[in-house]
Amino acid sequence: MGLPDVLNRMPFNDELGIKLVEAKGGHAVGELELSEKHSSNPNTIIAHGAVTYALADTIAGAAAASANFSLTPTIDMRIDFLAPATGGTLQAEAEVIRNGNNVAMVNVDVTDDERDIATAQGTFKTSGGDETSAWYRSEIDE
Amino acid sequence: MGLPDVLNRMPFNDELGIKLVEAKGGHAVGELELSEKHSSNPNTIIAHGAVTYALADTIAGAAAASANFSLTPTIDMRIDFLAPATGGTLQAEAEVIRNGNNVAMVNVDVTDDERDIATAQGTFKTSGGDETSAWYRSEIDE
Amino acid sequence: MGLPDVLNRMPFNDELGIKLVEAKGGHAVGELELSEKHSSNPNTIIAHGAVTYALADTIAGAAAASANFSLTPTIDMRIDFLAPATGGTLQAEAEVIRNGNNVAMVNVDVTDDERDIATAQGTFKTSGGDETSAWYRSEIDE
Amino acid sequence: MGLPDVLNRMPFNDELGIKLVEAKGGHAVGELELSEKHSSNPNTIIAHGAVTYALADTIAGAAAASANFSLTPTIDMRIDFLAPATGGTLQAEAEVIRNGNNVAMVNVDVTDDERDIATAQGTFKTSGGDETSAWYRSEIDE
């Protein structure tokens, strides 16, 4: 099973509508079409910051995974919000900027059709998890 | 309309099941009951990091709002994941550690019934948003 | 007194050898020549992470100040270390990615002659500080 | 050679006057006496944010090292500034909040005699560095 299938089969990604478009060699692209359910406002669409975060984390993780041929749990991530996302399709583009033995560092930018929505910087585990981790022995084919 | 009503009426918080339990004087508590839809794994419950982030961001924002009597958009947040969340109810407890004229800084910890799941540090806007912001003129009663 | 003079007259920047090369319209460049005193190792030069941080924070602050014609105290910053800095001259290049009424968000990259050393993301106050702040009424000419 | 000796012999720590007071079992305490050279202002002492960062990073690293009996390079750190440091002695207290096979996560608070100055959250490498790293084979006795 390839990486897009793994990510697209994750229930929470399915719930939100996150789609991995491409992930190869440490670079990944994904998207999410905004609707009322993603909003933090009952009267209009202003995406909850966690929707943008979800897309950023998932696509950054896909970039890390594509460079390591294994699942890469998120260790930490910082997200900066640049503008409210008020509709349309969010696009995320992620790039591994350092791929070490133990961790990968990934930069990811989220945009909508018109402007920059957020930028995030994350650190991901690359060595397959601790034996005590629920993620241990998780594997993906390429 | 009080702060709990505002937050609990946010469609995305409703979608995820985030509940604000308490928010007063810069301190807030909230929770989220985990189920299959929150998982990043189709076979078992391992909460997607963005679920934990959503709870942390929302409750930290509630703490900031409770100290400022206005909505407080997230400027940036860093989250560190300490252990996978594999079920039960996630609890978040947030505390404003600096409440300035322009920004509030908030620390928030997420736990489940047994252990520490994540810790996050966020910066929130306290002066009601830019005139150009979609959040401008948003108001809450206390 | 222009921005370069203000920054270059800061005692700690002088102590470290940080030089602002250029700051205009939200973009800034600076550098620091590494020597033994910057090292975290008594036998060889491996720059202490705080040296790289000092350069990143200072030049990012200069970028923010150049877009706001006032001093812009750092609210928070995250730095990711990509490779050890083992000598030569560190270069920092910073860009304001959002310049709001209250805060500016700045991305800054640090490189040496050969590779990427660090990347950082910071949030800076743009409205001149709280009345209670030691920075209040600080001003710079352009 | 014990951990305090290793840290106190680092040239940059010596330059700044950082002193490790205690480091054991994932907990560390250190301090730095502020003087004119640490200032970002030529007329008075307002510590440059990088001075506070330097203390936070060093003492957090000591906490991580004390739990792993090896040097633990900083992967990333976020620092939030709560109040300006205007003199006296800065104190840092750090605690490992997760000590995994590959990374340790550390929280560190910086105070002066009167108030909270900064809080930081860092991720440190615990497995001794990449073979390609300048830190490889660095060792400390306890």
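To keep things simple, chains are lettered A, B, C and D as they appear, and every chain counts its residues starting from 1.
Simple rule for what comes next: a contact is a pair of C-beta atoms (placed from the backbone, for glycine too) under 8 Å apart; a residue touches a chain by one contact, two chains touch by 3 or more.
Since the structure is predicted, the reported quantities are computational estimates derived from the model, not experimental observations.
Looking at which of A-D and C-D shares more C-beta pairs in contact, the answer is the pair C-D. Between A-C and the choices B-C, B-D or A-B, the pair with more than half the same contact pairs by residue number is B-D. Computed from the mean C-alpha positions, the centre of subunit B lies at a distance of 29 Å from the centre of subunit D. Separating the CA-averaged centres of subunit C and subunit D is a span of 19 Å.
Subunit A and subunit D have Cα centroids lying 31 Å from one another. Touching of two or more other chains is recorded for residues 75-76, 78, 80, 105, 121, 123 of subunit B.
A complete topology is adopted by the chain contact network, contact being made between every pair of chains.
Subunit C meets subunit A in the complex at residues 78, 80, 82-83, 97-98, 105, 107, 116, 119, 121, 123.
Across the interface of their complex, subunit B is touched by residues 9-13, 15-16, 36-42, 44, 46-51, 53-54, 57-58, 73-81, 84, 86, 133-135, 138 of subunit A. Subunit A contributes residues 75-76, 78, 100-103, 105, 121, 123, 125, 127, 130-131 to its touches with subunit D in the complex.
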